[in-house]
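Listed next: structures, encoded as structure tokens.
Heads up, the next two complexes both have chain A, just with different partners, chain B and then chain C.
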Partner chain A sequence: MTNRTVETADTPIPSGNRSLSTLLHRLARQREYAVLALLIVTLSVVGAVNPAFLSGGNLRDMLVQDAPIVIAACGLTFVVLLGEIDISIGSLMGLLATALGQLCSPSHAALPVWIAVTLTLLLGTGIGLLNGLMVTLGRMPSIIVTLGMLTVLSGINLLLMNGKWITDLPPGLRWFGVGTMLGIPICLWAALFVVLGAVLLARETPLGRRIYAAGSNPDAARLAGLSVWKLKLFAFTLTGFLTAVATVISVPRLSVIESGVGQGFELLVVTCVVVGGTSISGGRGSIIGSALAALLLGLVRPMLIFLRLGVSASYWERAIQGAFILLAVLADHLARRTRRDARR
Partner chain B sequence: MLSLTGRKPVDTREPFLEIHELSKSYAGVQALTDVSLNIRPGEIHALMGENGAGKSTLIKCLSGSVRADSGAVEVNSALLPAGDIAAAEAAGIVALHQESTAFPHLGAIDNIFIGRELRRAPGLLDRPRMRREAHLLMERLGESIDLDRPLEDLSLAQRQMVGIARALSRRSRLLILDEPTASLSARETQTLFRILRQLQAEGVAILYISHRLEEVYALADRVTVLRDGRLIGTHPIGDVDRGTLVRMMVGRELLEQEQSESIGATGDVMLEVRGLSRPGEFADITFSVCAGEIVGLAGLIGAGRTEVAATIFGIECARQGSILVRGVPLIPGSVRASIAGGIALVPEDRQHEGLVLPLSVRDNLLLSVMNSLTHIGFRSRWKERASVEKSMRELGVKAANPGIAVNTLSGGNQQKVSLGKWLATEPRILLLDEPTRGVDVGAKAEVYRLIRSLARSGMATLLISSDLPEILALSDRILVMREGRLSGELSRAEATEEKILAFALPAGLDASLETATETNIAAGSKAV
Partner chain C sequence: MTAPNRKPVNETDIKIPPNRSSRVPLPTRNEIVLLLLLIGTLLLAGRLSPDFLSSRSQLELSTHVWELALLAIPMTLIVLTAGIDLSVGSTMALCAVVFGISIHAGLPPIAAALLSLLVGAGAGALNGIFVAKLKVHPLIVTLATLAAYRGIAEGISLGRPFSGFSDSFTFLGQGSILGLPVPGIVFLIVLAVAAIMIGGTPLGLSLSAIGFNEKAARYSGLAVTRIKLLLYTSSGLAAGMAALLFVARRNTAKADIGTGMELDVITAVVLGGTSIFGGRGRLFGTVLGVLLIHEVREFVSWQWNRDELNLIVVGALLILSVLADSLLSPKKR
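Here is the complex of A and B:
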């Protein structure tokens, strides 16, 4: 009624480029769609060039490769939603692999497989809890805590390995890596189960919504009576647990365990979470986004092979994955800018 | 769990909430001393006081986010456990804090229910019921908003409605609002007032904190004044006039009434702006400022005043037009050139743009002059100390020592440091953007005195302010902007609040002038 400033305040987006900026918004908000679109485009383009790419066998192989990344990314998404980060999951996976192998290998502890697996899951959960305790009660920045943890864990791993590979994995353990249920690999069942559980947690439970809220505005969360530190403790512990799950379903695929397991894994997982649309400052993101991004990034290497670009082409894998991170950050930045401009 | 049916009007005689001799100190500083207060159902109770008077501490103790050192809060004669947010909420006390308590990435439903989600099975949300109840709450407030849209995409007023809905969903019996109109437009303020009166009629008590006398007189039934953490008094609003109220807050007569003599005798033209334009922001701006003159720039928010100042200072580059300093054109879009030309800009947002908050007073005062206070290329501690001491003395900055962090100072003292930082460069032209925003009444007078004494010493000053009494008190000449254009110029003698508003409000809205003036110019003009 009184003046024009009032009206502009009520309509944040100027009518001129409304549709464009709305579209940009939606794409940035719902990164899932952008990632899904890119996934479909890549699949169809590479499939058109080389139909073998879309064969059942290859798709299944690619999914099997992606499974551990998807599982760990589900945990890390909650950590990042809270504005924290965990870069220790790669060396945690290395240590857990060694522990798992040594616990059940006949030449080491020779425990029954199910006990070895349970202990591995407990160890992963415990280290996640330790990360969480240092971040919350210790009030230390998570990047430093998990950087320290990364170094400590890989040091312990080298000590345990003592320069030798574990080659005598019992068949019962190999089942977790190569076994199937109803014709579908165990690791895919695990990934499916974890993703569904994480989606349910994020969307349909008070706990999940509180994680979003605490990441969006920690002060307001405290004023709303939420214990932000408990939420963080939960997210770090969950990430440790899921890293252990990822280890159990991926490491026994090979018949040996060497000291290089998990190297670079944390970068892949962080990349998935960021590319999947989770804001590194917290509050925004989704499990589905992270999972789709894991599938997308998992396409890069097979794509380079199936496009038959020559041997050296596969060296581009890391560069292309890195470009995805930068693109994702750029998209965030642009979205924020259009939103800010729209509000002016 | 919610009663959305409204309440019966309650007898407003008996207080339901009593505060007994509440005290709280932070690290040895007494923030609250033996404050007692009672609240009746269905009353709007204004809480006033200068910055640092203890208002925020009091409401934090009430809402449980801070634990009082001594004293008690009783609700219906039952003692409220101290420092327990959940208990306070259970007793119906909900605070909407000054800082945004919303979750910007989440939609209205999550914002309303977070922390007290409705569940259908253990650990699972009952979304349909939450949506229904959120819808009912917004209906009760007479606002329709998209419940799924992230709050960051809503207007400030809509976000505030969500906050109030959140309070109502908790069966709030006492709603605490801390300067709720600080960033609302005139219309949004009206809507808020309507809702508050409606809640009042439903028996909800409201503790309303505001610096704006007009709002308090328009809304409140009773008013309580705090000063230096102590209770000065609680009165029915009809029993105190404005002068008394201000005296209660300040504790002394305001010197501001010295309505200073116009300097009249102004010097050479220092700053000249010719046909300045930036598409979408402002167009064809032409004016000049002389040495020793204070030119006020009034207008509504969004009229383009801040943008003009930013362009003169070289932060933005004009599309057309020129800026001349003492007749010499300025290189457009260069802050360096503007500083060299003797221009200084004291920005509106002192916390983000004007000061580096965690740094000391000394470091902030030195930021703009560090390069010149050197000895063979290295920092000269001696020159720096001399410069800092001079600034602090001239500005009257009240700080224990120059080494303490700026963010520990009061708003008024922060503003003085922000001003001093630029005065150290010895500018000839001073651009002031909202120099007293968030500054309490006492410090305001000191800032005014400073601006006047600078003008007397020959400073050419462009004063942007949304506070009409401030513009009127300080300016020799007043320019008014409307929608990016200069819409009028008034001399000191002819200027009145009504005339400024007539130029500032969009044409063909005569009716609106009346409403705006009525709801207190400040509401309109703050929106301004």
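Here is the complex of A and C:
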């Protein structure tokens, strides 16, 4: 065993004759490339077996399915970059869907659609802020806060739903789910804007720099004068807001809202952030990685259908998703080891 | 500085993990709060509906708690080492489905049960290998296997339920010996084994030591890798036992059982005063946490017949108890 080295972006890469280990290392260091490579391989293999997989219509459908995950993952990436976690987003999505439906459906509050959407976004932001306040001012571990909120929010959701479905969504609301602008679905526009905004925020603004700094070494950041708690508050609030955005653009795709909306969504989003290369202890990771991982994991279900493996194949979806994460983790481990060997 | 009566450094300056106190049965502050809450709940329940406290209804209601209680034991030990196991619910589903399929294939119940326990232990061991040997964060490993194990359960069962098990097997979940329900006896045995291992051997101290400072524990010669492997394997094994109890109680095995179970278990453990960052916690607290969640839940269902109220009450209980703890303890930055 050699000494553990500090992993920074500037750690020199051993070069020259060890090209394979360098390649492996680079693939693991920049998880974006590994995920992108896997994405392209999967697309081309399935496309070769069944060309319909790569048809414009199918690609569009797959992207539409991925949009809410990508949007929420952008927010969660900032939270995880700061070394925290938010597992309440699934329940939050369920509650927001119910709120959205009840605010604008004619048989409930019957508010104009734009007011209902604004209120939903505000509610999501507010709950995100509440999470952030409990973590920062309350000095509680975020996994506990958001675990508690996961339970509380789903309870409130069930209470609001009262065992009934909301079936009379106004056409104005359905537009957010099924409408298009310049021939492209609304949800894809939203995802595009959110990803662009998040990438710019992470890379080009002082705020983004501070988040990376605070995540990789909170004590040093604090000594350098950053208020880490404000950054955390911001990240949780942003996640609440983006979860609301994801709800608004995905829930109206169906004509009914039931109480199961958002179930398991938090695990999907956390998975994307982790597979995308964001370190669970903070400081390392990227928005693009999370977004690419969302696309990759989103391929699993359509892949099983388009490979024509029969009806039973779709039951293996979750197993394959789990295997993807374990593979990413294994690749990480191997790359770390090859790098250690290369150093020797 | 040079005072002659100064004790040797290694006795006074090194913080001894509070787990030491598990040999002295003094309840911690958190445990006293839990006890008071529990008594308060029971008093309120007795006032609003005296029938709830009768031993008959309590025994009847206790059927709902045994799987949670069983899984909370290894989870406490894992969280003590600053780990976590999110895959317990999925492992339960996998074991249940394996049991159902083996019975369906004509295996005798004993063999099927052993096979399913073996699968559970294997699933736990796989978690353990990733966590202990490959040193991957347990949250990530068990998040992956949370999806993977349930996925395998869905895949091998194709979503079909299995039912119609023999009476000798359902006795495991529904029967009672000397007035005690069989699952309760199983739980008590597992609890006793765990308590003896924690209280009677150096293992308890080792767990807290790993949770406090894993590197230091490793350097001081603790078999950290082996201990972690053992913990995650026993968590999988407990999930297998819980699966058998569940299947025996409901007389049906399906790939969706135990959904969300991991969150209930972690809630009980944390409510019981075990620090999610490791190092601090006791089995006694966890038992109180399980009891409190159970009584609150059952009473809310009993009185108002609304399951959703339960979720709100349990979630709020979790947040408030941890919040109170954080506000009461001195600032550490």
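In this section, the second predicted complex is superposed on the first by the 311 of 344 C-alpha atoms of A that agree within 3 Å, B and C clash if a C-alpha of one lies under 4 Å from a C-alpha of the other, contacts with A are read in each partner's own complex, and residues count from 1 in each chain.
Note that a contact is a pair of C-beta atoms (placed from the backbone, for glycine too) under 8 Å apart; a residue touches a chain by one contact, two chains touch by 3 or more.
Computed from a prediction, not measured in an experiment: that's the story for all the values here.
Taking chain A as the reference, the larger set of touched residues comes from C, when chain B and chain C are compared. In the superposed model, A:144 lies in contact with chain C only, and not with chain B. By the touch criterion defined above, A:212 reaches chain B but does not reach chain C. When both complexes are overlaid on chain A, the residue A:321 reaches chain C alone and has no touch with chain B. When the two structures are aligned on the shared chain, A:112 is found in touch with neither chain B nor chain C.
By the touch criterion defined above, A:171 lies against neither chain B nor chain C after alignment on the C-alpha atoms of chain A.
Judged by the touch definition given at the top, the superposed model places A:51 against neither chain B nor chain C. Look at A:225: by the touch rule set out above, it reaches chain B but stays clear of chain C.
By the document's definition of touching, of the two partners only chain B reaches A:204; chain C does not.
By the touch criterion defined above, A:260 lies against neither chain B nor chain C after alignment on the C-alpha atoms of chain A.
Residues of chain A that touch chain C in their complex: 85, 134, 138-141, 143-145, 147-159, 267, 270-271, 274, 280-281, 312, 315-323, 325-326, 329-330, 332-333. Across the complex, chain A is touched by residues 130, 134-137, 139-141, 143-152, 154-155, 157-159, 263, 266-267, 270, 276-277, 306-316, 318-319, 322-323, 326-327, 331 of chain C.
Those residues of chain B that touch chain A in the complex are listed here as 63, 65, 85-86, 89, 95, 97, 99-106, 110, 114-115, 117, 119, 123-125, 127, 150, 152-153, 155-157, 185-188, 300-303, 483, 505-506, 509, 512, 515-516, 524, 527.
Across the complex, chain A meets chain B through its residues 1-6, 8-10, 12, 25, 29, 204-207, 209-210, 212-213, 215-217, 219-226, 279, 283-284, 339.
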